[in-house]
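Before anything else, here is the set of structures, which you'll find just below.
Each of the next two complexes has subunit A plus one other chain: subunit B in the first, subunit C in the second.
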Partner chain A sequence: MRHSFFLILTAFSALIVLFILLPIAVTISTQFYNPGFAQAMRDRAVWNSILLTYYAALLSTLTAIIFGTPLAYILSRYSFPGRSIVEGIADIPVVIPHTAAGISLLAVFGSNGLIGSFSPVKFVDALPGIVVAMLFVSVPIYLNAAREGFGSVDVRFEQVARTLGASQWRVFFTISLPLAARHIAAGALMAWARAISEFGAIVVIAYYPMVAPTLIYERYISTGLSAAGPVTAILILLSLVVFVAIRILLWGKNVSRSER
Partner chain B sequence: MKRYILLLILLILAALLCGCVQNTGKTEQAGNAHVQSEKVVLKVFHAGSLTEPMKELTKIFEERYPGVEVQCEAAGSAKTIRKVTELHRNADVIASADYTLIPKMMYPEYANWTIMFAKNQMVLAYTNESKYASKINSNNWYQILRRPEVRFGFSNPNDDPCGYRSQMVLQLAELYYNDSKIYDDLVAKHSNLKFVEENGTYVLRMPNSENINPDTNKLMIRSMEMELISGLETGEIDYLFIYRSVAQQHHFRFIELPPQIDLSSNQYADFYKKVVVVQANGKKIAGKPVVYGITIPENSMHKDYAEKFVELVIGKEGQKIFKELGQPPLMPPRVDNADKLPESLKRFFS
Partner chain C sequence: MFLEVNAEKNLENFRLEVNFSMGRGYCVILGPTGAGKSLLLEIIAGIVKPDKGRVSMDGKDITDLPPEKRGIGFVPQDCALFPHMNVRKNIAYGLRHEKGHEKDKKVKEIAEKLGILHLLDRKPATLSGGEMQRVALARALVIKPKLILLDEPLSAVDLGTKKKLINELKYVRSEFGIPIAHVTHDILEAAMLAEEMAVVMNGRIVKSGRAEDVLCYEFCDGSLFKKFSEIMEQWK
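Right, the complex of A and B next:
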């Protein structure tokens, strides 16, 4: 019984890992024979676009942390009328097709949009436009992770601290936040990753400056797979390195979820 | 625990059930029409500017052949062709906004003939909200575009025929109006795009897309012409270089440009030739009248229905639809390699 349990566990796990790995492995391995790969590695435009993507995703994630953490805390601690509606709203970006999200953002942040018409910041075809598009699609991921994090903190710790005379601010910053920090960090990492991968919404509001996904698309339609492949491989490899590095930094090497 | 397993089983059952329902739906429909039980899927890959007429044609075709489901995929013309030549996807019909792309990219491996069936015309689209909408006309349009507060858009010349044609129109305007600063003032000053004169022709060598570097306060560039429509609708830009058909189908107001520069007339083909765009990938395109091309790729899975679809496109009904939607049909249509045509299509060219 025990034996068959692990066998099935392993078999299913292997299948899903292969499913993720295979397309990526094929993309990267074909680049070893592609002379375009070395060329792309030396191409300044490629690195600029990747840096821009990482930077914009970082700004979007920081914004999500600053404005999303309070909401996540409220949603995990307090019940109030309309809470499920707020929760539903927070999840909407996940179901909206990305192009539609881009169009909606354009309606708000465009030069004649609700906010864009009076904002001194220019969103269309500019960095702030990229950041709002990334934020829109990635904020639900952060909110859900952070809410789960606060949910996992024993409320009694907070209550004890309060009875000992700590202010609400102090309790939040010295108890709730540190105890939820791992969830929050994991959520922020996923939100950052999601932001990097965004294409559909960004390309509507900001074709320029070109983020890496737009550049890949651009290379693909103007020259073809041979030119898009190397950039894709570079982005995948670099993101893999960054991801593994951050995970090791944050959680050490072999910490399983239960030990955290 | 048991509850979750139950839930999972229910979900799987639901998924299976959905599959059954879909299947029965299909067989019923097909049964009613007395044709085979599996629907034939006819894949039509076409240029973005053909979206509206293709919708109409699909409706007619599916009514006529209830056993066939037509799946249209719109994209830039080059990308449309690349879906077949590079991604090796099966398509039954390919329709391009630039008929020359089919021989250039598909012959001889993926296709062997091209039928030219409709034409188009470059116009300057705008809305009532566009700046100087009440003042602009076919004579002063380039002066209006020159005003610093006016923004306009075109699609990326590297990706989209509509994009390089916009550049051609602006350069031809310099020659036609005898004003050598039109392209410089409108585009060159605000980007890395520039025409240079080489032995009587004017050549625009496109940088890579990431290096076009447009001043986004003046120009709005998107990969495909259809993506700029929302820009014009939301007032992001005041004017947009686009095909007449698209402007007409979206109910934009538009300025008709002189036929000498709007790439619509065979009569001025020699004049159009004076401008050349070299795309970043090295492809060289000389100005010529905008003519749509259609072909059936070699990897088509349903050549019989594909031929019927092409017949519909180039026949009377198709011609009527194209006329109504602002893409005047070629009467009669023309073909490059008549000997390579499928038998059923030869009658149109005898």
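Right, the complex of A and C next:
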């Protein structure tokens, strides 16, 4: 009885893991014999789009950290009227279809939009447009992780720090933030990864300059799978390398902490 | 009186209404769990703001002062040592205006007095309950506070350590001369340390004054004696 329980559990788990791994493995492995892969590796347009994607995702994540951290702290520490409404608003981007998010962003940041009409910064078909689209879809991930991080910090530490003469600012930067740092770093990493993978919202507000997901789509539509495959493989490989590297970094920190 | 608290605080299922005062001695605030002792300490420390009333120390109204401006050292029950800092940094946390050398000197001085010099480079997670209490005490004392608040400082240590720490608290009292408000549910702990005492029950001070007078009152009252006899068992 116990045996069958674990057997079924393992079988189902293995299926899900395979389901995630298989498309990635097939995409990458088929490229090793594809002459188009080497060609794509030398293609400037591919590298430009990848660099642009990573750069825009970095800007979007930094913006999420700067503006999202205070909100995450407020939500984890204070109760105020309308708090659950604010929490709900922060989660809205998760449930909106991303093309719809792109249209909504266009209504605000488009050339005739609420902000875009007078803003000296151009959003449509420009880097700022990519960044706002990435930010819109990834900020809930960061907010939730950071809020959880601050929530895991015992309020007693902050209270004691204040009785030791520390101002609220000093307590925030020397106690709350360092103790929530792992959650914040993990949240930033996930938000960054989410930003890199965004296509739907970006394609509406900024088809050009092309981020990597748009380039893959464009190659697939214009030339087919043979042209899209190599670019896809490069993007997946790069994303995996960066993702695994940062995971190891964060994990290493965790291990050394628990060893002390 | 050195410290006077006339405060009212309403929580969801609890109401604290106290009229508490203490001199410059060692005052033990005694009462069963859930009586409101810790809440009273938090009001004194400025961590919790009373709904009504006034807190004054040394004749000055400190009701609206934030915790960092009160000059009151607070040692909570679980010590709340900052887990990401070693003992040295924990103790030095309140000395932000001191320069490197001066800061180090003060940390070593207080650590030596409390017998924790050998722990300075250790992380809180590696300390025993008694060691944690000493470090938390050192961290609160090093800023030279006007008053020290101890919330059940001996509740999480074994009997042997408890006896040692009681002697150390007596030493701290005589060496530093800082008034101490010590919250406990342990009448023997209170009897061994208190110069003044206040008994808290259901959010009210039911008796306060010189320790000898209050203790006599406690032991004469049969119902209270029963509650505390359990605790006394552990000292046999």
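Everything that follows uses one rule, which is that the second predicted complex is superposed on the first by the 239 of 260 C-alpha atoms of A that agree within 3 Å, B and C clash if a C-alpha of one lies under 4 Å from a C-alpha of the other, contacts with A are read in each partner's own complex, and residues count from 1 in each chain.
Simple rule for what comes next: a residue touches a chain if its C-beta (ideal position, glycine included) is under 8 Å from a C-beta of that chain, and two chains touch if they have at least 3 such contacts.
If you're wondering where the values come from, they're calculated on a predicted model, not measured in any experiment.
Trainee: Should A:Glu218 be classified as contacting the first partner (subunit B), the second (subunit C), both, or neither?
Mentor: Touch status of A:Glu218: first partner only.
Trainee: Which of the two, subunit B or subunit C, is in touch with more residues of subunit A?
Mentor: B
Trainee: Just which bits of subunit A does subunit B share with subunit C as contact spots?
Mentor: The answer is that subunit A has no such residue.
Trainee: Report the residues of subunit A in contact with subunit B in the complex, numbered from low to high.
Mentor: So the residues of subunit A touching subunit B come out as 45, 48-49, 103, 106-107, 110-113, 122, 124-126, 203-204, 207-208, 210, 215, 217-225, 227.
Trainee: In their shared complex, at which residues does subunit C touch subunit A?
Mentor: Residue positions touching the partner: 42, 45-47, 66-68, 70-74, 76, 78, 80, 82-84, 93-94, 96, 123, 125-126, 139-140, 143.
Trainee: Which stretch or stretches of subunit A touch subunit C in the complex?
Mentor: Answer in residue numbers: 154, 156-157, 159-167, 170, 174-175, 178-179, 260.
Trainee: Taking the complex as given, what residues does subunit B use to touch subunit A?
Mentor: 76, 78-79, 82, 86-87, 156, 158-159, 208-214, 216-217, 220-223, 227, 230-231, 234-236, 279-281
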